[in-house]
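Heads up, there are several structures right after this.
In what follows, chain A forms one complex with chain B and a second complex with chain C.
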Partner chain A sequence: MIEINACGLSCPEPVVMLAKALKEKPTEVIIHVDAPAACENCTRFATNSGYTVEKSTQENKTVLICRKKH
Partner chain B sequence: MSKKTLTQLCQTAGCAAKIGQGVLNEVVRNLPRYENPQLLLGFDTSDDACVYDLKDGRYLIETVDFFPPMVDDPYVFGQIAAANALSDIYAMGGKPFLAMNLLCFPTCLELERVKAILQGGHDKAVEAKTVIAGGHTIDDFTPKYGLSVSGFATPDSLLTNAGAKEGDVLVLTKPLGTGILTTALKAEMLEEKDYQALINSMTKLNNIDLSGIEVHACTDVTGFSLTGHSREMADGAGVTIEIFAERVPLFDSALHFARMGMIPAGAYRNRDFLKDKVVCDEMPLELTDVLFDPQTSGGLLIALPEKEAAKINAPVIGQVLPRTQNSIHIRKTA
Partner chain C sequence: MTEKKFLIFTGLIIGIISVALTVYGNPANMGFCIACFIRDTAGALKLHTAPVVQYMRPEIVGLVLGAALSALIRREFSPKGGSSPFIRFIIGFFVMTGALVFLGCPFRMILRLAGGDLNALIALIGFIAGIGAGVFFLKRGFSLNRAYPQSKIEGLLFSILQIVFLIVFAAVPTLLVFSTNGPGSMHAPFLLSLAAGLVVGFFAQKSRLCMAGGIRDLFLFKDITLLSGFVAIFVAALIANLTVDQFHLSFDAQPVAHTQHLWNFLGMSVVGFGSVLLGGCPLRQLILSGEGNTDSAMTILGFAAGAAFAHNFNLASSATGATTGGKVVVITALVSLTLIAFFATFKKKENK
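Let's look at the complex of A and B:
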């Protein structure tokens, strides 16, 4: 399992970090973001790369759990 | 001297740096107004520029536009910023004639790069037969450049964003996706051919000859996106505008990069601001993402009768209908 902290970063940095992490096709990647655009963009990238995305938001921070589809 | 590229010095880029429409409306809403009957267009109609009647058969058009760089080449950035500022005059049916520079840069930036920005602006102004007569420069961490521009229109040539009529069609003169492609550029994912297409479009003047064509409304598509500027056009005329998503011209890689999540924050701000005004049919998410993408130096959006549209070399992307409860209806096809 890979975990990425992209809080405080503006687009496209969070999605670039996620893209790098998904390159080796891991089964699960967790990314922490704190900007609505980063949340949306990472969701789009992961969904279009064959992953499901589960989101949970607390205060301003969102955790995205990306799991490889079988 | 800074080794950083121009875009590395910036958080936001181009028209995506614009303050959102909702915030902007809030800050200007309660400003006191100094009335002058010669001011024909000002704050009230969200138009591209103000218009002042000189009472000698000419209207003076004034606009100002500046933003942080979206490309690293300072000369190209200067050209884009100037083309973008000049565009507001063309969008009002005017011709620019006089401009002044607005420039901000950090003192760590080499002067060669600063000179190249101004050279780009100068060359684009010359192409528009406009003289740059001076300017103002501020020491600022984030580089920014643009112009204030003056132009003239006549009562016959003046175009506003509010004159669309039921039965009109809408044409768009440049492809959409500059916000998405510049985000991909920042991520170093944009290929050379896509970069060239992008800068060719953003540096292109909107000096389209509309003489002899019956045009009802015109605006340029910039930071508020195609949907946002169409919304202003629809509300200004009390009509509903239908956008045909699949007919809208796009950069080749725009949908690809939208799927990749290369979407600027401004696109989400636009989508959120417009959510109560827009109804959208079922279609792939990326197709609507481009319709909310903030454009830098975007094309003209023109409302005109269908028979006149063939006189402009631009695709029909929508139509004007009687008002319903929504300002905008996004359909997949015509």
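Let's look at the complex of A and C:
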């Protein structure tokens, strides 16, 4: 399992970090984001890469749990 | 509605509004131009005194407030800042000077293309090249470091400043300078410009529309989601221009434009490169400032400073072409952006 803190980073750094992590085809990646655009972009990228995405948001911070589809 | 459909819908609305603004008085192919409008506002505030480009553009006020309204309604208002604000100011300064050498921001570049101005096609190639340079560094770890949560008032202040501008415009316009001829004297009625800005700001916030982001994401992730908004603006503005007989296909005699291909190309290369380093195009910076991002507010101050310098030191182009100073500043900008990108990619110490 890989965990990434992408809070406070400008577009598209969170997705670039996620893309790098997904290259290794891990079964699960957790990414923390605090911008709505980053949340949408990471969700889209993970979904297009064959992962399911589970979101939980508290105030302005969102945790995305990306799990590899079987 | 899916993200892409909403982006296309937003792009279509923006394209039509942009042409409508020119029908009602804005300069040709300048329904919106973030660079030109911030430059005009800087002129109205006497930060520069070029007599033909001074007007407090209500569109800018509307864009920021429309974005702030959308962000507040959607609970996305989030005051944050501290991600290399001075570097962002400097990049903003260079992006503005590059835009004023071409004579337009990426938004106006699309509108110029949709009006048949082929010089904008050369600029688009330069813009893509600049984005490519930015992507080169992004792929290797470029970062201006993290932003951190800030106080509510810090995040709201830029929007409050826009309200102050509105009050001054409405109550004591004699404090400001308005052009009596040239592009600065050409504008749609105040309320129409303000409403157009509010609508575009509102939709651009929700859709995350970004003129640089579309091409950047295509390079980085082969993702065309953001690009669809960019294309939709072009299509809608093209159809609207054809409908109102404002489409004239040529290089020569285009409004507020010049035909020096090299400087159109290089000017927009600066804008593309700088926009990727900033994380978004000039329009997106306005939208983010409305969302409470004070790094974007600093970038916009950089735009305003760049505009003031561009006219105080004769760096901005005219219909006859780029000036010597403009050429020097574009080369300086390309070198400076490369150095900034290099140090923020290969020599950075990350703050946790």
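Everything that follows uses one rule, which is that the second predicted complex is superposed on the first by the 70 of 70 C-alpha atoms of A that agree within 3 Å, B and C clash if a C-alpha of one lies under 4 Å from a C-alpha of the other, contacts with A are read in each partner's own complex, and residues count from 1 in each chain.
What we mean here is this: a contact is a pair of C-beta atoms (placed from the backbone, for glycine too) under 8 Å apart; a residue touches a chain by one contact, two chains touch by 3 or more.
Owing to the predicted nature of the structure, the values given are computational and were not obtained by experimental measurement.
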{"item": "Which of chain B and chain C A:N60 touches, first, second, both or neither", "value": "second"}
{"item": "First (chain B), second (chain C), both or neither touched by A:P36", "value": "both"}
{"item": "Chain B versus chain C as contact partner of A:L9, first or second or both or neither", "value": "second"}
{"item": "Contacts of A:F45 with chain B and chain C, given as first, second, both or neither", "value": "both"}
{"item": "Chain B and chain C footprints on chain A, overlapping residues", "value": "10-12, 15-16, 19, 35-37, 40-41, 44-45, 48"}
{"item": "Interfacial residue positions of chain A with respect to chain B in the complex", "value": "10-12, 15-16, 18-19, 35-37, 40-45, 48"}
{"item": "Chain C to chain A touching residues, read off their complex", "value": "3, 74, 76, 78, 80, 82-83, 138-139, 143-144, 146-149, 208, 210, 213, 216-217, 220-221, 223, 225, 278-280, 295"}
{"item": "Sites on chain B touched by chain A in the complex", "value": "11-12, 183-184, 186-187, 258-265, 267-268, 285-286"}
{"item": "Chain A residues touching chain C - in the complex, by the definition given at the top", "value": "7-13, 15-16, 19, 34-37, 40-41, 44-45, 48, 60"}
